[in-house]
Amino acid sequence: MYGSSMHWIAKKILFATITWFLAISISIIVIVLSPGDPAKMLLASFLQQGMPYEQAVRMVQAYLGFSPEEPWWSKWLRYFQGVVTGNLGTSISYRFSVTHVIANAIPWSAFFVSYSLSITLILGVLMGLTMTYYRERVLFVRSISSILTILNSVPNWILAAVFFVYLGVRWRLFPYSGPYSPDIQPEPSLQFILSVLHHYTLPVMVMVLASLPGWAFALSAMASAVIKEDYVIAAKARGLKSGRIITAYIAKNSILPIYANIALTFAWLLVGTVWIETQFNLPGLGSLLSVTTGARDYPVMIGVYVIIITVIVLGNLLTDITYGLIDPRARVGEA
Amino acid sequence: MNTIKPLIEVRNLGVSYLNIKVISNIDFTVFKGEVFALVGESGCGKSTAANAILRILPEIASIDPTSIITYHKDDLNSLNLLAMDEQVFSREIRWREISMVFQGALNSLNPVIKIRDHFTETARAHGIKDRKWILDRARELLEAVKLDPDRVLNLYPIEMSGGMKQRTLIALALLLNPKFVILDEPTTALDVLIQREIISLLKDLKNKFNLTYMLITHDIALVADIADRIAIMYAGRIVEEADIYDIFYKPLHPYTQGLLMSVPKLGEFKEEIVTIPGMPPDYRNLPSGCKFHPRCPYAMDICRKEEPPIIKLDRERRIACWIHLR
Amino acid sequence: MSLSTTLSTLRLVSRIYTKSPSTIFSLIVITLYTVGALATVLGLVPPLPPAKGGWEYIYQPPSARDFPWYILGTDFTGRPLLLAIVRGISTTLAVAFLSAVITVTIGVALGLISGYLGGIVDEIFSIIINVALTIPTYLLALILVATLPAELKTNILVLAGILSITAWASLARAVRAQTLSLRKREFIDVAKTLGFSAWKIMFDEILRFMAPFIAMSLTLAMCNAVYGYTGLAFLGLMPISSENWGIQIYMAIRAGGALYSDRAILALWSPIITIVLLQYALINIAKTMEAIFNPALRVSYIKGE
């Protein structure tokens, strides 16, 4: 059994690598072939600044890693070479290497997304189970359901904007700008940690509220099906108490089928940081992307994109592998 | 072997799903130490009756307030199971006094926990915390059902065959030493050889642990092997009840006769299988009078108009049929 | 489809849709928006007057002038807010609808062909679908829109295409899964025995079976497109225009001082409500379509749950 699971993990890693390679490549090719080819755009803006042609071409090469004069496949190869060796070019606005700039942003986004994801999962599961298990209390369940439906219709960036304007700026209920209080030193002290958590309250609230309905409804739907299963009735016949039935029977059997959704939610939250980090002035991949987009800092833009895709592929891989470890049904043949 | 003491007395049991009546006020008694079989087509209400005893009917079901199910726990205690408080019932009756062996081919085991956990959680729900005792008992029972305990306890349901699951469910049903075990289709969907083994096993266990069985099945051939008394159900009513010899050698109700004729007998060569003509009844639109009359070869005028009452003939034999009433 | 089955399907559909107040409400909302879009396209709605900068003109309070266009006051260009919002409906719906059509067409085609033909075609298409699933639509869309030259940024077709660039992936996966299971069903064997060609089976039989699911996916795709169109505008990636709701919200916060005064409050909330109503209506209609698609849900819908 040990040998076969290693084989199966290796297979999954292989597929993930292929997917990653194709995803990055196709994206780069699409970007380079589009009318908005960054190399061309950069060249044009350098020329507009009055730079001589030859120098402009060299500058573009220095920043992006490929030259505007190369054919598309060469640009792709050259960039990919850089990706594999860890060289994503140089930032135009920050003058540091793109890798350096991104490396500073990743920890913040990692914290933000994991924090939000955990709360979303816990709350979503609880709400979903409640809506199903207490479905006799029709009014109660229906009001939760209505609130969640309305919440589902509000795009996360609108939620962020509204929370920013009202809960933050106007009513001063929570801090609304920056990752921590400006008069605290960024060192590993309790004060610092508390300040960070305080400053992230509003952003995390937005993230959670935006992704909560999806999870609550998905879980509720699964749980409604599970609750009618024979093994739940059999459990009741054996005298098991509600607590045990809700956790080991209903919850466990409802969460496992939608376990893969965790990876999806993770990717969704990561993309959501673009709006939410920007809105609340937080450092991270999302705000980096939106800021450098405005500043036309193409190397960083593309670099962040590549990193986000990489993180998503890793997230999917992790979810895939761990699923096989926790659901006994997955191990008996690939369904 | 048979004592005349009743163990379970079901009186006036009526069950409705929403507003459709699926069991129409039936009575029956299960005596201590016997194997009582409830036989009928799918949907006739036999499983519902069993579920009513253990109070595991689905939400949409409602039991008539005049129904009484009496459990004679011992010489001094008789309890109305339907009137008991849910918590008390769950703690004292479920699995301790009365348990159920479900159909193994169905999803009766939690797919995401091990067999061992099924045993421990059941014991813990009844206040037994001694893990060692629980596992020892589980081992003892798994061996009694001819399974290898060390292997089976660590398995997940998906890793087991239908026969293994059925035996496990039997072992699980006996965990807390119940007196009364309901067997709901214990051999359906198993192959014939395994069926024989399971029946043989059930007989052994009954003797070994002094059990009383109520067997629910549509397979009348199965019943011949193990039952002492049989009640035939049709459309939520009991149409005939007698001991096993009378049912097989002197069936009185046309439905019973039809059921027996449709089973080919070993050694007999039949050109065609005789089946009961017509379709199973639609509970939203039951026929008038006797519910079986559209399919009955002996239907008379009165059968179309009035429903026959169930009457007692001789020797614990009951029947609901106008032919046998004067 | 014969006339009687069409009629009974329509009867079922209308029964489900008129059952609850929320679906009736959603239908009304969609109708209103469609009417607004058509009115704009047909020229029944006046064009926006020229922009007037300056603090005396922007974010003016509501007035009865030129009824009804000034009842929400003016926006960040001094133009009537209600008019700007109404005029924005047609572009938004056009982009949304086009994007949804592209998404659903590609998704269904790939999923259907991949699932039905199997073999090497399925292997190749599955890899493509998996790769597309990894790329978040809005991420790539963001980069493409950001790098787009100005003249293409207002092109509806281009925007629709960008917003659907990998949006078809999850639909393709779902359609493939359904096709795989349908392929084994008896009615396909019957069709094959009757000599129907593979294409006919795919597009007639299987597609017809999945029609409600496709309708639902179309609606949800429109929802996503509206999110992307307004959301990317909110980031400042689209040229400034009064007609884009995302831009209106952005401007209300940045330029309108919504942060400090109530002056731009209408300009903040009107586009928000416009977007949220549209999303709510679309999601609701999609969920109701699911009831048609899944008969088990149909029962509870009719029972009034």
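A, B and C label the chains in the order they appear, each numbered from 1.
As a working rule, a contact is a pair of C-beta atoms (placed from the backbone, for glycine too) under 8 Å apart; a residue touches a chain by one contact, two chains touch by 3 or more.
None of these values were measured; they are calculated from a predicted model.
Q: Averaging each chain's C-alpha atoms to get its centre, pick out the one most distant from subunit C.
A: Taking each chain's C-alpha mean as its centre, the farthest from subunit C is B.
Q: When A-B is set beside A-C, which has more C-beta pairs in contact?
A: A-C
Q: Need the CA-centroid distance for the pair subunit B / subunit C, whole Å please.
A: The computed centroid separation for subunit B versus subunit C comes out at 55 Å.
Q: At what distance in angstrom does the C-alpha mean of subunit B lie from that of subunit A?
A: 54
Q: Measuring from the mean C-alpha position of subunit A to the mean C-alpha position of subunit C, what distance in angstrom results?
A: 23
Q: Please name which positions on subunit B make contact with subunit A in the complex.
A: Residues 54, 56, 58-59, 90-91, 94-96, 99-100, 102, 106-113, 117, 121-122, 125-126, 156, 158-159, 172.
Q: Which of the residues in subunit A come into contact with subunit B in the complex?
A: Of all residues in subunit A, those touching subunit B are 136, 228-231, 233-241, 244, 248-249, 252-253, 256, 327-329, 332.
Q: Please output the residues of subunit C touching subunit A within their complex, sorted ascending.
A: Per the touch definition, subunit C meets subunit A at residues 127, 130-131, 134-136, 138-140, 142-144, 146-149, 152, 165, 227, 230-231, 234-237, 249, 253, 258-260, 268, 272, 275-276, 279-280, 283-284.
Q: Residues of subunit A touching subunit C in their complex?
A: Result: residues 15, 18-20, 22-23, 26-27, 30-31, 34-38, 41, 149-150, 152-155, 157-158, 161-162, 164-165, 169-170, 267-268, 270-271, 274-275, 278, 289-290, 293-294, 298, 301-302, 305, 308-309, 312-313, 316 of subunit A touch subunit C.
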